[in-house]
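Below are structures written as structure tokens.
In what follows, subunit A forms one complex with subunit B and a second complex with subunit C.
Entry: the complex of A and B
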């Protein structure tokens, strides 16, 4: 069975917000809302570093790290448990999704989500990407929305928009139930964490910190499972074996 | 208990979200916290469902939460 998940390599993330912009464009997210946010850890505000520059007496401790955050697609999701009309539910492939026809906008799921990943739709989305798959239907005003792992793209064999938009290949998407997929290998091979692990929500989103991974292992829109084996990294030359993330530890 | 459940910032944020809704802020706040307690394992899904069943029916006129136990008698 398929169990979709994502690995985000925070050592590769450069905080450019390309994923957030691609998400808004792809999913027709209304103005002022974001399903995918790039938070900053360390400083007091977004895109604000902590520490001091090594000039004018500063101690050179300047640092800034990014925390990309969206729906974590928890296997044990509190948001699913509170919905009075069962509008938010977990699909068989692990994606937590919302039936916008059922949602009545009570926002109890927003209260239950520990990741603040859901937004309330005050305005009806009106923009649609002119080309490609950015044809997500408008949602009626007054529903709760969130990341769907771009399930409409997955249906077409394409990776989520955030994943292909990332210029540093920091997002890797695939089937966690497939032990040979990049997401499964990276979760096993690298030091990964899930957000707020003490709440035992068991997110399908993992974060790599410490050692940098090879990142997404191919170019193009296609999901890894749609490619010929093995997937080719952008730096692979003809006849050179594809990079697969190195030896297992 | 996870410290997160006692986080004042989270509670304030939740209140701000729910205050803009036409539905009960207090019920949403309590259910949200207890849903996390269910995830942690401090409360069973059955207990969670029973605890809020009447209140959910009063508030929404329906209770289609997926936590409904099979043996639960409406």
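Entry: the complex of A and C
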């Protein structure tokens, strides 16, 4: 079974918002809406740190991190459980998706989602390019929408738009059920957290904090599982040869 | 028997004006809804952060209001008492009107109301909203049937076609008594289920910390009892004033006493029980603990606890005040306003703060108006728009219309109770404007 998930290395993230722009472009997201947001964990405002600069008695505790946040694709997704008409559902591959044809726009899922990952088309969606952008059909007014892990790209064997847009390879996408996939190995190898873990929604999105990972392990647009050669996986520990994609070490 | 039942009264001038005004409001509401449908929910005050507003607040409120009548009519019947028989049918009618308003309030909240068929075509039975949909429909139908059951013999006596062929016979009335016992036996668990399930819409949401509490369902039941009984009293007192229905003052003070108990359990006990654990755990000093659970920081909290709690309680607790109709009436109106703001408060506590409030926050989805517009927010703010108010007002007027027409065409105030001597009808009140019935026996409630 496939169970798609994403690892986001916050140590690699430089806060450039490329993934957010790529997402908006690829998915035809209306102006004034965002499926993918780059939050600043630190100060009160975007790009500001918490703490003090070490002068004039300041204790030098400045700290700031970027937390790219979109739908977490929870295993125990509250939005799926509340949707009265089965418009929001979990696919067999773990992706939480919306059937826009069924959605009646009651916004119960927005009440249920702890991550505020969902947006609602209060107005008719508006894009700068009049015909829209990207490869996903524009949604109607009156429906809820959110990140789909670019399921339309996955069908073609391509990684999500945000993943390939990231200039610092901070996003790693793959199959959490495959123990040899980069996501599985990173989740095991690095200190990863899920957002709002104590709510037990069990997201398929993991964040690396602390030690930096080598990031996404290939440069092309294709998904890891599509690579012909056994992927030349970078390993975190220098000196240890890259795995060959075969058996788990 | 049959001569004890007054024929339906025609509307007087005032009655006609009342019906016309209500119809006008319903029409305005429909136009406002049509406008909202054409523009989208952008014309409401809701956004991605504060995604449920006035419609849901009022939905919760009207579900609560629908409790009173059914409880008042069914609980005594269940215990084979005819104590509140004089207002039993009126109560069920009020319940019916309120649940219809509540159910309809969901429609304007939907982004695409036509897709509401999904409740039948692809329901997810894990969803509390599916449970609530089922129970609201069931409750509404039940109220309608129950109301008809309570009035059908009188309808037959009156020769109304609404009796649907039922005959007014002694044996029939006897059987209806038995039937209404069984109806009451269904009504009580049904009402408990309705209010609990509506509470669970919120209480099961772990993502909204302040909603996620086991106390929400009992709270919903209690506030339904408060607002429902208060509305029952208001309606009965107004009917006494504006129709030929006569309400006994003893009944008013007796129900006022019950209302006082409900308010006390709701505001004093449940609110305290809900807030104390958090206040105790969060503070150390005795007085900070005390103020932590007795003091709120929002206007809606004060409207709920003081206007809806302290004032009605003060009016109802003093025996000499309780016997006065104006005092009970005022207490009831205040209690209703209080419960309205309890719902407002509930929604606000759920949406004001975000779980992840880091900057820049969440896109509101409503603020884009060109380059440079700030589309972000880290806090939920909400003010209903005129459109929302008009749509809601239209629906409330629709409920009032159901109530008025129900009183006009149905003998909601029984002319006589079984086994009691029919008393002479009062015929003096010719100025009565709208369709109330003559209540000939003041004694059924004793």
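Simple rule for what comes next: the second predicted complex is superposed on the first by the 209 of 249 C-alpha atoms of A that agree within 3 Å, B and C clash if a C-alpha of one lies under 4 Å from a C-alpha of the other, contacts with A are read in each partner's own complex, and residues count from 1 in each chain.
What we mean here is this: contacts are C-beta pairs under 8 Å (C-beta built on N, C-alpha and C of every residue); 3 or more make two chains touch, one makes a residue touch a chain.
As the structure is a computational prediction, the values presented were derived from the model and not from experiment.
Colleague: With the two complexes overlaid on their shared chain, look at subunit A and say whether subunit B and subunit C clash or fit.
Modeller: clash
Colleague: Should A:120 be classified as contacting the first partner (subunit B), the second (subunit C), both, or neither?
Modeller: both
Colleague: After superposing on the shared chain, does subunit C or subunit B touch more subunit A residues?
Modeller: Subunit A has more residues touched by C than by the other partner.
Colleague: After lining up the shared chain so the two structures overlap, which partner does A:84 touch, if you call subunit B first and subunit C second: first, second, both or neither?
Modeller: both
Colleague: Quick check for you: in the superposed arrangement, does A:106 touch first (subunit B), second (subunit C), both or neither?
Modeller: In the superposition, A:106 touches subunit B and subunit C alike.
Colleague: First (subunit B), second (subunit C), both or neither: which does A:31 touch?
Modeller: The second partner, subunit C, only.
Colleague: What is the contact status of A:14 with respect to subunit B (first) and subunit C (second): first, second, both, or neither?
Modeller: A:14: touches no partner chain.
Colleague: Applying the touch criterion given at the start, work out whether A:219 contacts subunit B, subunit C, both or neither, answering first, second, both or neither.
Modeller: Neither partner.
Colleague: Output check: A:69 vs subunit B and subunit C. Expected answer is one of first, second, both, neither. What do you get?
Modeller: second
Colleague: Starting from the residues of subunit A touching subunit B, keep only those that also touch subunit C in the other complex, and list them.
Modeller: 78, 80-86, 104-108, 110-112, 114, 116, 120, 196, 199-201
Colleague: Using the touch definition up top, name the residues of subunit A that touch subunit C in the complex.
Modeller: It is residues 30-34, 37, 39-46, 48, 67, 69, 78, 80-87, 102-108, 110-116, 118-124, 126, 140-144, 195-196, 199-201 of subunit A that touch subunit C.
Colleague: Going by the contact rule at the top, pick out the subunit C residues touching subunit A in the complex.
Modeller: My answer: residues 39-42, 44, 46-49, 51-52, 106, 109-116, 118-119, 121-124, 126-130, 133, 201, 204-208, 350, 354-356, 358-368, 373, 375.
Colleague: Using the touch definition from the top, list the residues of subunit B that touch subunit A in their complex.
Modeller: By the definition above, subunit B touches subunit A via 2-4, 10, 13-14, 17-18, 20-21, 23, 27-29, 31-32, 35-36, 38-41, 45, 48, 56, 59-60, 62-67.
Colleague: Quick one: in the complex, what on subunit A touches subunit B?
Modeller: So the residues of subunit A in touch with subunit B come to 74, 76-86, 89, 104-108, 110-112, 114, 116, 120, 196, 198-201.
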